[in-house]
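Chain lettering (A, B, C, D and E) follows the sequence in which the chains are written, and residue indices restart at 1 in each chain.
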């Protein structure tokens, strides 16, 4: 598929209908997932209704890591095969991933207040998530502070690959430091260990976040490509 | 436009050239983030050690900007032009100081709020911490001007600078930290204000005197 | 370049420079001793000498940036000594990240000038790069920007250290034009050069170790 | 003399030009000196908070040296010469890293002993702290090379650099601090060693890749 | 300067440079397009053009430091491409705090040279300042030090950007001598200049916007 989309013109044609479709899909999943999570799923026997924050928190956590993994893949492709579209994709995904990471941090912190009695603790998972968030900021800042786009793309790709070391740390932090945060109960070997009635809305919302991520990234990519076209048209006009 | 305004404007633009007002905060946030990483998540410990550490981070953030403050001017020939300007060098030095404070002291003071909370300071003390950071960074900048001017012609000045400046940072840190931890707030505040005033008044004068010796 | 430079707005002080028995040393080594000369309004003094002979040191001493080992340097007729001179040295005094326009604006404030940025830029033909950061300017463009300081605020004495280094022929002509109109209004120019600039010097100083 | 040796020697000389080996320590001692000032002389607090803070000071000392590591080379034209050298840029970058570590990592590790004692660490733990600081600063330098190379052409790079580098400093700090406070020493040590190795191996490679993009 | 330069120790590669349809752009602006030329061993190519026309950019592209927008730059006959060239640009590549001698020693290691420091210093007449830090050198002395890189290790191609900027007459003569003996041993020189150096160029390139 990547080879197919590698051509910017074909990509523009594809994304012109793919982005709205993904967006619509995301809306539908949100429309089913949110009421399901808020009204039709059971409260937790320990945490009561606050457990509903989970439906925002956990998908955001998943896809902030997913977005970074996507960026790392795209950066690799961009570095090795010098593919412009890969650079654009990596850059386009970053703000979305950063917002997901911020949502995860904020909701986690909101959730922590009633359940753990603290807004913030420096446990391994929270810390590594914060590190991931900062890495996102650094990545975006690096892109913005180098003028030449091609150079910015390569520099940012190097940073992205180096920062990818943090992903396994986020994922496995709960196993390495047994502290406050929940260990993985869904994505773990041996199958999910969570109440099925909670699993349904959680997975629905996970899908909704994914589609949203896809839609926003495609839209960012499209606007970046449009901007480049406008700029090079202006350049040509200025030079003729 | 006066020499003060022109210098202030240019310095601020140069300091912000990197990435807007967000930029200076990175160092501060970064430095404070290291604290709990290193100390572990022990809540009680953070609660006592945290707020003072905000002050250390603020001091080091200012310090990080000082090394090249006048050194760069010396190397690229800008210092010659400042010396030849009809405006007193004291005015120019204080414009540089003011720009430094706006570029880094003020954002640090504002950023002090979330950081203090993350480091477990009680919420009602946060406005006090912000105000004291604003005063304290002004004192740091005043003292820092002197150190930066003294070491402008020294190779790898950074460390000599730290040796000169950090002892002078001590009083604001001590009283700032005591504001942050809620002890004798009023007395500490007035001393902090005194430090800031003294720094703002004496810093540019001493710095100008040192700078006049640096050209050759 | 415009014949009427922007510096012509105010009539300027007529300043006379008198240097007597000047001795300079750098790092404990004596560069020269017993150099005397005088320069009057309208004069163009050329300083010549081999590399390392002390031309730059001489100019910096006259500018007051380098303390002489001995002798007298007097500016006579300067009402306000701090408004007496401009110095353009080897170092351009530019910041890599600031644009040409920002530099002009800064100097206007620093030196109290009233010249229009665009006039100045036109004289030195840097209009096209006014909004680029200095980092991307070519060597000659940066030198022109440094020289544009001379036009920002009027000063009777110009001290120029190899002013046309890195300039092309048009640039050299522009500098010669600036010097000519400066002298015509009673200005005084001392320039250190390796190759004669163009105008016949009223005086030539040989700095020799 | 090989390109590695020549670069190493020159860099070391330049870094020490300021004031001999004493110099880089000033920042470190200064920064740690601020700690008791800010926290007050409470012995129990210092005992727990002190050793981790040695790590923060070490991280910030390395950080302070990074900003101009490659930026100065880019501005004065030295980077062009490095790129044109027949020696691989990776070798040159690692020589710069090695010099940085000898100039600042090693002295900090040694200085860690008196500082840890001053901050009330138990004496028998001091050799461990020294060894872990040596490993940890190596990891900092490796990561720092990457950050410094990535930001070499950026205006006011300092803060972007901190943003990039400090998150990657986190693992050595966490495990270094756990050595300092005597928890799970063996595991922490091996992880620290891993960080140092990874930094020393990957740092120069990534830095060289970034540097090749910086000339223009 | 000694007729037998220190670079004569090994016989050097004969390198031929072929540039075809070269197009350069800076910051999105095209400097020139479709520049072609070839230079053979013994050639001296002079690049001319006004300030900001792209001379420096051309040299940097040939050195491989600037990626061209289009076209071909080929070094033919270079056995080891990384040993093909020396580049002396506007920036001297010097550290303020290191002495001249330390610089020569560093370059010897960096470029793998075998020339004696003192021979090199003698050719460029900087022997007297070898142990001073660059910070205190005069402009011309620093430029001479930068040029001494050319003699540290043999390279068939020399790319020189205004090599004699800030040099006095003796310095210019020394550079001309170096170029002459380099060409005599099959070397190739491309120099960007504002004023012809001295040797009659085999080829003159006009860079024009």
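Here, contacts are C-beta pairs under 8 Å (C-beta built on N, C-alpha and C of every residue); 3 or more make two chains touch, one makes a residue touch a chain.
Everything quoted here is computed from the prediction, not taken from an experiment.
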Steps in the shortest chain-to-chain touch route ending at chain D and beginning at chain A: 1
Third chains touching both chain D and chain C: B, E
Chains linked by the largest number of contacting C-beta pairs: B-D
Taking each chain's C-alpha mean as its centre, the one farthest from chain C: A
Between chain B and chain E, centroid-to-centroid distance (C-alpha), Å: 45
Length of the line joining the C-alpha centres of chain D and chain E, rounded to whole Å: 37
Intercentroid distance (Cα basis), chain C paired with chain A, Å: 58
Residues of chain E engaged with two or more neighbouring chains: 27, 90, 97
Multi-partner residues of chain B (each touching 2 or more other chains): 14, 17-19, 23, 26, 30, 33, 37, 39-40, 75, 155-156
Shared interface positions of chain A, touching two or more other chains: 127, 134, 137, 141, 145, 148
Residues on chain E engaged by chain D in the complex (per definition of touch): 60, 63-67, 80, 82-83, 85-87, 89-95, 97-98, 102, 105-112, 149
Chain E-touching residues of chain C, taken from the complex the two chains share: 26-27, 49-52, 56, 90, 129, 132, 136-141, 144, 162, 165-171, 194-195
Of chain A, residues touching chain D in the complex: 127-128, 131, 134-135, 137-138, 141-142, 145-146, 148, 151, 154-155, 158-159, 161-163, 165-166, 169
Residues of chain B touching chain A in the complex: 18-19, 22-23, 26, 29-30, 33, 36-37, 39-41, 43, 46, 117-118, 120
Chain D residues within the chain A interface of the complex: 143, 146, 150-151, 153-155, 160, 163-164, 166-168, 170-171, 174, 202, 206, 209-210, 213-214, 216
